[in-house]
Amino acid sequence: MNKQKEITETIAKIPSGATVMVGGFGSPGTPFTLLDELLRQGQDRLTLIKNDANEPGYGIAKLIEADRVDTLIASHIGLNRQAVGRMNSGQLRVEFYPQGILAEKIRTAGAGLFGFLSDIGIETEITDPSQIIEWQVDKSVTKRKLKVETALHADFALIHAARADHFGNLIYTDSAINFNPLMAMAAENVFVETFDLQAPGAFPPEQIHTPFAFVSTVVQVDLSPEYELMEHYV
Amino acid sequence: MSKPERPVRTERILLRAAQEIKSGLVINLGIGLPTLVPDYLPDDFDALIHSENGILGCGPIAKRAQARASLIDAAGHYVTLRSGSSCFDSSVSFSMIRRGRIDLCMLGAFEVDQSGNLANWKIPGKLSPGIGGAMELAQKAKRLIVLSTHTDKHGRPKILERCRLPLTAPVCVNRIITDEAVIDVTPDGLLVQEIAENISAEELQNHTEANLIFPKTNLTGTSGVRRFK
Amino acid sequence: MNKQKEITETIAKIPSGATVMVGGFGSPGTPFTLLDELLRQGQDRLTLIKNDANEPGYGIAKLIEADRVDTLIASHIGLNRQAVGRMNSGQLRVEFYPQGILAEKIRTAGAGLFGFLSDIGIETEITDPSQIIEWQVDKSVTKRKLKVETALHADFALIHAARADHFGNLIYTDSAINFNPLMAMAAENVFVETFDLQAPGAFPPEQIHTPFAFVSTVVQVDLSPEYELMEHYV
Amino acid sequence: MSKPERPVRTERILLRAAQEIKSGLVINLGIGLPTLVPDYLPDDFDALIHSENGILGCGPIAKRAQARASLIDAAGHYVTLRSGSSCFDSSVSFSMIRRGRIDLCMLGAFEVDQSGNLANWKIPGKLSPGIGGAMELAQKAKRLIVLSTHTDKHGRPKILERCRLPLTAPVCVNRIITDEAVIDVTPDGLLVQEIAENISAEELQNHTEANLIFPKTNLTGTSGVRRFK
């Protein structure tokens, strides 16, 4: 039941061509060390699912810049001009979803469900008529036009947790929670990095954000400069 | 609150926008002008700011010594947390939005039109960095106020008869605050509520593509319309 | 922003005929004091949504026994023979859902969505052909048969939290979490009882289960025998 | 572990069921016989028990002095929590189930049939207290074992050719453990893996409506079939 492993063998399980969910909204919650190891090992043709593209030189931006990413599924990549440039030049395929819809599509996979019905963006260019159903959602006589959003699955999730135990129970903090608990539920194999790895029993049961049943592997990592304040924002 | 020097047009929008923020309202402030509004609130103001990356109860922008690397708002600023704040995952954050628990949202605009349609996420062929939280905020906030300069940097109107850019959401805007006027979207059209003190009603209409309605008066008069600095 | 109110005025907002979600799985998490006040005030023709019917003499069982409940939407009422008897005799209308589907229908309302696609119970008697759609949920050529489950809404939710602050931030504990955070998101008006009411700032931000934006009113209640061990189970 | 006196048939099922629980598996134990299985595990056993009301890591049933009013399992027993346990809401609990994170589930049965169909939630006109977590557990656990007396209290078979009661889930059962046998559901039918030591293969078939397959032998032989107490 001890899920702690070395980073090299953990990341080596990810093959080229894999679909990988990556936690984080901007820097907070981004698993920088796991991503650096993925960069080092050389897997390519990746499909990444992350809210954003990080900022140039950080996190998944490094993988994009090294031509290792075919497709990025995201909500907004405005803080990464290089990724926008690659998208515009056709080097990087990007699929955008509204941020909460992206979150919910991931959660839907994590909940073992197949899709959900939403009215977000239904009258905008992001919706195709083929995605619409008419359904009676309440006791009113008329049916309502709704968009079917399907679950978003992944082979792997790379997660940054503030604290973890050896069973794989996870606690996040601050705005570094974001997509991490959702992706930890959704992906088939869930690899977690943390600075703070403890013995089971260290956390009060109702404060655990991700229960261990969802987690495959926990890697202990060191605090490196990427996790510290980004000087250009201070 | 101390704040950096800003252009007069910007200051005027932000000062007026700050008046919209009432105690006890849960507020979301979009990237751009809206995130600057808290600089124009009293220091002791009881604002309840939601940031869609997963915070309810954002405090002021963090000074260097306070900043935590794990704590940014949706605009990417290091922020502080006020007493009674909470942090949560993105599905809870957008549940709060879609469930209608955001009382007031302020967003920037590329274009806004007389039906209350908003375009602020994409300029085809020029700018399409993604959707972010804008669609859900625009569609679901209980009250949506657009903050924008009245005209773009080339002097062209941003308040149109009908948006030409891809919409963020249709019929979602309640009020538009610019450096020239405060305008409400009503079933009858765009109703001017306030005009900046340095501008005439005629000038305002000339800077606006959509027809404006001036209360109790005609296009050249301004009685019944409050003046603001 | 202080949401603390007296119990009488709080419960008085619930009219007869209202739809009321009630937290709790069995006793833990059941808002016994709010329910007792609802019993005392006399509202009737209620539709209740709760996982179960509590046990005879406890919680919503008292409302059922007092003929105040028209419809109960639940998952399992096996621990309450009187409720089963009333259901069988037609005095009480009961709608059953699988437990996790009930939870998810409530969460769907709380997430501002309209429904979800599931395969649970799809080949059993709980599914009517009219609830089935065929949808392409992944990149396979064939569509998949799925059941559309619609969101479950309520005018009111009665919630038991272990701890709360005056803003309405809530923390639950042990197996008393259950449906409470989901119902707190879903209902239009959310009334919370707690033994332990604190000033805002008392709780670490990432340990709050229900952020205050979802909560209407917090009522401080006293520990009464219903919240203690049930002797017949010890 | 100390445990109350139980009927021999019950004891036999529970003893055999306990052997299925391997270290490291996440296990859900349904109401009835399954919840009693932990009594037959070694005291130091590393069981990871999920309770669908929102617990991962249930410990043994609580003694009076340990019991907390806020902490029951899905069967309504006051339980303890083992080290590394967590408590969560019902949507997370059933996400865990539907997402396939329960490695092994044991459920009781009214009827089970040769296709692995299970009926355990409703007897029309007699018993219909609701669905509970049974449908999701039966449909989604990675491995589902039914624990049941081989025949009902009137001596009638519970292992049928085809379930007659409303199904909990179709084609979901992997193994059936009774007081008379351990039987696997295979594409070819019901394969007897073990027979209780006091019973012959012929008797077993007589107590079973569905046809049983005996490995490497015929109906009257028992070679290749392990005996259990």
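Labels A, B, C and D are assigned to the chains in the order they are written; within every chain, residues are numbered from 1.
To be clear about the criterion, contacts are C-beta pairs under 8 Å (C-beta built on N, C-alpha and C of every residue); 3 or more make two chains touch, one makes a residue touch a chain.
No experiment lies behind these values; they were computed from the predicted model shown.
Enquirer: Any chance you could name the chains that touch subunit B and subunit D both?
Expert: Touching subunit B and subunit D alike, sorted by label: A, C.
Enquirer: Comparing the two chain pairs, does A-B have more C-beta contacts than B-C, or is it the other way round?
Expert: Of the two interfaces, B-C and A-B, more C-beta pairs touch across A-B.
Enquirer: Based on the averaged CA atom positions, which chain is farthest from subunit C?
Expert: Result for the farthest chain: B.
Enquirer: Using mean CA coordinates as chain centres, what's the subunit B-subunit C distance in Å?
Expert: Roughly 36 Å, centre to centre.
Enquirer: Can you work out the whole-Å distance between the CA centroids of subunit C and subunit D?
Expert: Using C-alpha averages as centres, the distance is 29 Å.
Enquirer: Determine the centre-to-centre distance between subunit A and subunit C, using the mean Cα coordinates as centres, and give it in whole Å.
Expert: 31
Enquirer: Can you list every residue of subunit A that touches 2 or more other chains, as numbers and ranges?
Expert: 104, 111, 113, 118-119, 172-174, 177, 205-206, 209
Enquirer: Where in subunit D do residues touch at least two different other chains?
Expert: Answer for subunit D, listing residues that touch two or more other chains: 55, 87-88, 91, 94-95, 97-98, 140.
Enquirer: Can you list every touching chain pair?
Expert: Touching chain pairs, listed by label, are A-B, A-C, A-D, B-C, C-D.
Enquirer: Okay, in this complex, where on subunit A does subunit D touch?
Expert: Against subunit D, the touching part of subunit A is residues 1, 109-113, 165-167, 169, 185, 199-201, 203, 205-206, 208, 211-214.
Enquirer: Can you check the complex and tell me which residues of subunit D touch subunit A?
Expert: 23-24, 26, 46, 48, 50, 55-57, 81, 83-88, 91-92, 94-102, 140
Enquirer: Taking the touch rule as given, give the residues of subunit A at its contact with subunit B in the complex, in rising order.
Expert: Against subunit B, the touching part of subunit A is residues 25-29, 51-52, 74-79, 84, 94, 96-104, 107, 118-121, 123-126, 162, 172-182, 209, 227-230, 233-234.
Enquirer: Considering only the defined contacts, which subunit D positions touch subunit C in the complex?
Expert: Touch residues, subunit D against subunit C: 51-55, 64, 67-74, 76-78, 87-91, 93-95, 97-98, 128-136, 139-140, 166-170.
Enquirer: Please output the residues of subunit A touching subunit C within their complex, sorted ascending.
Expert: So the residues of subunit A in touch with subunit C come to 104, 108, 111, 113-119, 133, 135-138, 144, 146, 148, 150-151, 153, 171-174, 177, 205-207, 209.
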